[in-house]
């Protein structure tokens, strides 16, 4: 372009300035985002680290903040997530297998796909409403561990299906074709060839799904999980509480002592999540080599 | 015949990471002439032409040694801004790459980058460039339609118009017709011969007949090296190098 | 064919059939879930509207179903939801887009591999933890700058929800930008663009639909957020756009009622389903529009 030399020079230096400016903006923005995360963690640690103790982990909630603990909540969370997994894992993986290996590209498969991605975007509290009417009232399970687990299973099902499908997709077609060529039927191929190879990916995805479920409180509150539970659940139909609900309960109280408890419970919850995510990452990396192509 | 050198390449070497792509290339391209670069796949034609406007700088791990002189100034000298080079040496790519914007905005993109904002001036530039690219009559009533609605040949002419709107002195064309049908190819070849009056052009092509049809000088590359370079008529009728002759006569490639 | 082989094959056929049927049911469960949600919400909402006129529900400016003087206007709850979601989007959009641009066009592979997972952590923090942060850290902090800020307000949870959806906006926008073909960038560079100009004038417009879809999904997520608001926003439904006073959102209302002793079958009980229905329809609409936009984007870029 015929631009005079000094106009060109000015234009180029202005552009160079804007490049630097943007890079500075981006770094600052990322620093703010990540810094806020760090602030959050530091805040929780500052407020709650002092309360962490064996006593805290093994006591029931109490009206006195210093004597309160998370035993019922912790046990409730563990029981809940195990029960949820019992329901959600087989059904979720089964659905993924069906959609990936049997249904193919039919219109039915498309409808189910769209449906699943919509379900993944439904607010968790709506699942709570569903659980309330269906499990608590209609099926009469009342506000129990069973109702909670069934509700949470419905919540995480879409995520398990989506991630399991992805894991199944990473298994190369050639493996299935080789199995068919040897006379195996579809189920044998899946059970003996495809699933073993896809399993690490499926497990990773499921663990991540459950780790999200552990942090959920809204649907459980809606189905009636109690916020003050000073006993351990003694069966499927027992009332229960969970860590996030206990945290919610304590945060909602005005006394600072309970706030400290909430912070300590948060640290426990984050620790549990960290463990689960680390497990998932470990699994993914350990079995990455298996599908060496 | 008035012949000044537009681009001169001296001992150009280039590497992608550890792989050497160009070895000790030296040649000159004359002003207002078309220089064709031919050779079998992988001989470094595209790499070479992309060195001339430093668009290879975008590739991580790309290294260059040697000099590329444009009107006497080394493009690879430290402190030279590639943007400035690209305003004077334009490029048209193998697969037409119009922006998913209206035709008008495609052509006006370059001038707007240079700070030209007045509507009247932009309108004039757009019209002039589209006329130079022999596309104006076909699109003058649909300047605000998407460029993606055009045919392949039209899109490539649009890319040429877009490149011309920046008023470069040199136009680099990297296999501009390989994605087009013969009729569209013919139209573009006509266009290039017409543009020769005002622009220096370097065209990479894998189609020898095309090189013979449009270019004044031809360079034959093989395995990253310049094998032979000379007037097109001489290269195609009386090549000095046996390898050139084998390629021209189709014994390989 | 021997007898054992035939027997084996027949068993296999039954097993294959059984597997197919079982898996089919697993596959249809998701459809049943959706039908279940719609049925439950519809059932109770229709019962609700037999007692409360739809017009009142949509236009009354007060929401007091739990008080003696009952009003059933959903506008205050909607206002609370929209206000907090709006604040969240105002926080997440610039941060998310700048991050996405930087990670897609500027950052080296090493930086991306480091920063992206850490950003994802923001999405993985349980919402009760964010609620704690909003109530006990952010609100007091903001109160030093805005003395009139009430202890429960919309600003603090709004900002924190924004933090939470940053990875959603950033990651989806970045995917959209990454998908823009390199040939378009080269075309722009060849015309003398700087990197920023290529990013802003070519990549972002080309990725626009994908970016818009990501923003809509972010809004949808913000609207569906419950615990952060239940903890930090308050329980005073108020038809206002003032972020410094307590408000109540649709989701927090459902929590409020669930925590209480509302007997089933009463009008108060039905309100949570009517509110739930609004919430469901709102997020569904946003998700569908977002998917539609992404579909069109895929067709455009090819």
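We call the chains A, B and C, going by the order they appear; numbering starts again at 1 in every chain.
Please note the rule applied: a residue touches a chain if its C-beta (ideal position, glycine included) is under 8 Å from a C-beta of that chain, and two chains touch if they have at least 3 such contacts.
Bear in mind the structure is a predicted one, so any value in this text is a computation, not a measurement.
When the partners of subunit B are compared with those of subunit C, the chains appearing in both lists are A. Looking at which of A-B and A-C shares more C-beta pairs in contact, the answer is the pair A-C. For subunit C, the chain with the farthest CA centroid is B. The geometric centre of subunit B is 49 Å away from that of subunit C, both derived from CA atoms.
Centroid to centroid, with C-alpha atoms defining each point, subunit A and subunit B lie 53 Å apart.
Look at where the CA atoms of subunit A average out and do the same for subunit C: the two points lie 15 Å apart.
Of all residues in subunit B, those touching 2 or more other chains are 83-84, 87, 110, 114, 166, listed in ascending order.
Residues of subunit A in contact with two or more other chains: 1, 15. Looking at subunit C, one finds that residues 192, 194, 197 touch two or more other chains. Interface of subunit C with subunit B (complex): residues 181, 183-194, 197, 201-202, 205-206, 300-301.
Of all residues in subunit A, those touching subunit B in their complex are 1-3, 7-8, 11-12, 15.
Listing the residues of subunit B that touch subunit C in their complex gives 53, 55, 58, 83-84, 86-87, 90-91, 93, 95, 97-101, 109-110, 113-114, 148, 159, 162-163, 166. Those residues of subunit B that touch subunit A in the complex are listed here as 81, 83-84, 87-88, 110-111, 114-115, 166-168. Contacts from subunit A toward subunit C in the complex involve residues 1, 15-16, 18-19, 22-23, 25-27, 29-30, 32-34, 36-37, 39-40, 43-44, 47, 90-92, 94-95, 97-99, 102-103, 111-112, 114-119, 121-130, 132-134, 137, 154, 157-158, 161, 185-188, 211-212, 214-218, 221-222, 224, 227, 244, 247-248, 251-252, 259, 262-263, 266, 269-270, 273, 277.
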